[in-house]
């Protein structure tokens, strides 16, 4: 069994392949896990498969994030691992984007992450322990054309991650930003690992998150970029 | 007289040293200039000195930015130079920041810039011409501790700038992000330029903006970093 | 026992804490390991402790690197893991540095890495498999004052790593650049892992190298930055 | 006439479009200019056109660079502007490159720049004044496949530039690295500036160098990236 230095986990923005794989891996390590999403109906299969607890949240709302942490704490204790995995994506020419949708996209990608980091910090700083993992994207290091709102949100997330790492690492809290570069396969892979995979396997990504969680604090990474072997960069 | 390939200018977030210097330089080049800020009372001396036109705007509100552009267009024509110079700054430990103030800070630094870029793009794309300059900060490339909201806003601004440059440059519109690294002197300098200046002279910064505006489009810069000679970096 | 997808390893620039820890970890995974350095006398304790094979090399000499690979191949087979860990460090004001010493420093940090990557590529490309890990430093992403030769060498190493990753990853070869930010403890740690470590533990770094070696190729990292939790960055 | 705060210039690696344009601009500002290259025969037209002085140098040889500066000093005084414009480019798969050619390429791109910066520093530091401009390339910030030697040289050049800027700026010496992203037109442009230019105009680039030279030292840039409006990045 994987040995992790943390005892409980909260995953926000659950539902995607990465969150599912993370839930399975963390449950396999015998940690209680809360998975949170706007629509928790879609989490039913994951909950059934892993015994994780699903809670609803609109991460773009500070008050809802606060309640989620309180509820999580009541159910599994203050989460020692917090993973933010929500994104607001919006494409189109600058002149044609809807301002309200842009505001919402930035709120989901970045403000929700801030509310999450804040609630995590409130609990982890007194404990002197914890890990916060923020799921980024290539859009956070390279602003592509026709994708300004996603670039804004993911750049902001990276700025938050860097600032939080600088503030919290000396207090014993590991903050890391993972740059996922490429498409993530929607489903757990069926093919054997020897197969050439041209898209990111969510299990493989989740394993990288676990590697980060197991880093000794004398050698912490604040950022990790992962991409398929065949991906152009 | 300085010869610029543009005929009108709109500066948002006016009031700081940089905006004042820019207004003077652009007026000296005989361009009509609109300066916009939340509180235009403080712009009275600049207006009197330069003959610029002051208009009120809360840049964090999309509708107000839209009205500002319409009013500017009615008064001096569609602005061919648009400069965004507003920032939302907020300091403190992550656990203690007020979520609403964080949201506001990110809105001023980044969403206001988006609304501005959008309104500019709507006018510049059909014209196939224009320049958009976005005033950034070191916080946009390095997320400092205890300054997460400013990092989020300025990182997001840089992501917007990069995305907008990639979309708009091939349409003949020059988008540039200026990284101002260091303190800007509040006042126009009195000492001669030969004096060692340990803080950024707003006139010197404004000159760099003009250099960008005069770049030939076969050699455009999308980013420029400026700092005092004695500044650590 | 750790399960690695590679069967043999060559470590160049051995002798430092990182190389020692890597040798122990790879030997513990039952891989044959060659450790190479200019002066192999100092490797005697490591050889005795681990059963690794020590071979002499001046990595700045292309012909010696070529011979090292041939000898390694003859002794343990073509190395499937190749790690370059040599550096040329030189400090001083630009005006006072000795040009020959600068040339030598760049040769050790960067040209030696090129010769190594080249010999590795010659063997790994036909096999469609292998891993090349290059040990960098903060000096490879930030050029500090009074340290130009080290900056030149480590920047060049990073450029090599990035170019090699782009060329070789699609051929099934994992190239990664590890940015070691901070002082590495000279000795294997005696204190338990729970102790606050303010300098990089070589065992902790070596574990990160192993994590990279075990990444599934659908989620490879080409760069990893590690620093102690208390390190300023 | 352009007013520059420097009185003499040395351009190394002359012959390309950028060096020719720079020579013309600096001569138009009435500065004495030395242009240096391995083969000065090809500089004859430029010398005739501008009255610059041509001197031979193999920049990869420290002793030759030293002699070049001594000769320049004897002829036009210690150069207050020094521009390094030489590159060693080499393409091919890692496994097929000739090690000696790689060494030579890195020496031309990076070691020659070091020798140049060193000779410049020896003269500028006592004077407390001067400007050193180093011509980089996209290869200095992104290591492309099949181009490792060029990436190594240009990354090293960028590390040198950053280190030199950190050391020399507080001593009153402006060091800047120009990232030229795209193909440079070989000839001075004949078409009017209004023409859409899809490749970098050397006159336009040279103007950016002059803008850097004229920056007030309270707002210096250590790096400038230039690319054509239509260039992908």
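Per-chain numbering from 1; labels A, B, C and D assigned in written order.
One rule holds in what follows: a residue touches a chain if its C-beta (ideal position, glycine included) is under 8 Å from a C-beta of that chain, and two chains touch if they have at least 3 such contacts.
Note that this is a predicted model, so its numbers are computed, not measured.
Hop distance check: chain A to chain D, minimum number of steps through touching chains?
Minimum step count, chain A to chain D: 2.
Over half shared numbers or under half: where do the identical copies chain B and chain D land at their interface, same or different?
Result for this pair: same.
Between chain A and chain B, tell me the centre distance in angstrom, where each centre is the average of that chain's C-alpha atoms.
Using C-alpha averages as centres, the distance is 33 Å.
Between chain B and chain C, tell me the centre distance in angstrom, where each centre is the average of that chain's C-alpha atoms.
Chain centroid spacing, chain B to chain C, equals 45 Å.
Hey, what residues on chain A touch two or more of the other chains?
166
On the basis of the stated criterion, which chains touch which? Give every pair.
Chains touch in the following pairs: A-B, A-C, B-D, C-D.
Chain D touches which residues of chain C in the complex?
The touching residues are 62, 93-95, 97, 99-100, 102-103, 106-107, 110-111, 114-115, 117-118, 121-122, 125, 139-140, 142-149, 151-168.
Inside the complex, what are the residues of chain C that reach chain A?
166, 169-170, 172, 174, 185, 193, 196-201, 203-205, 207-208, 211, 214-233
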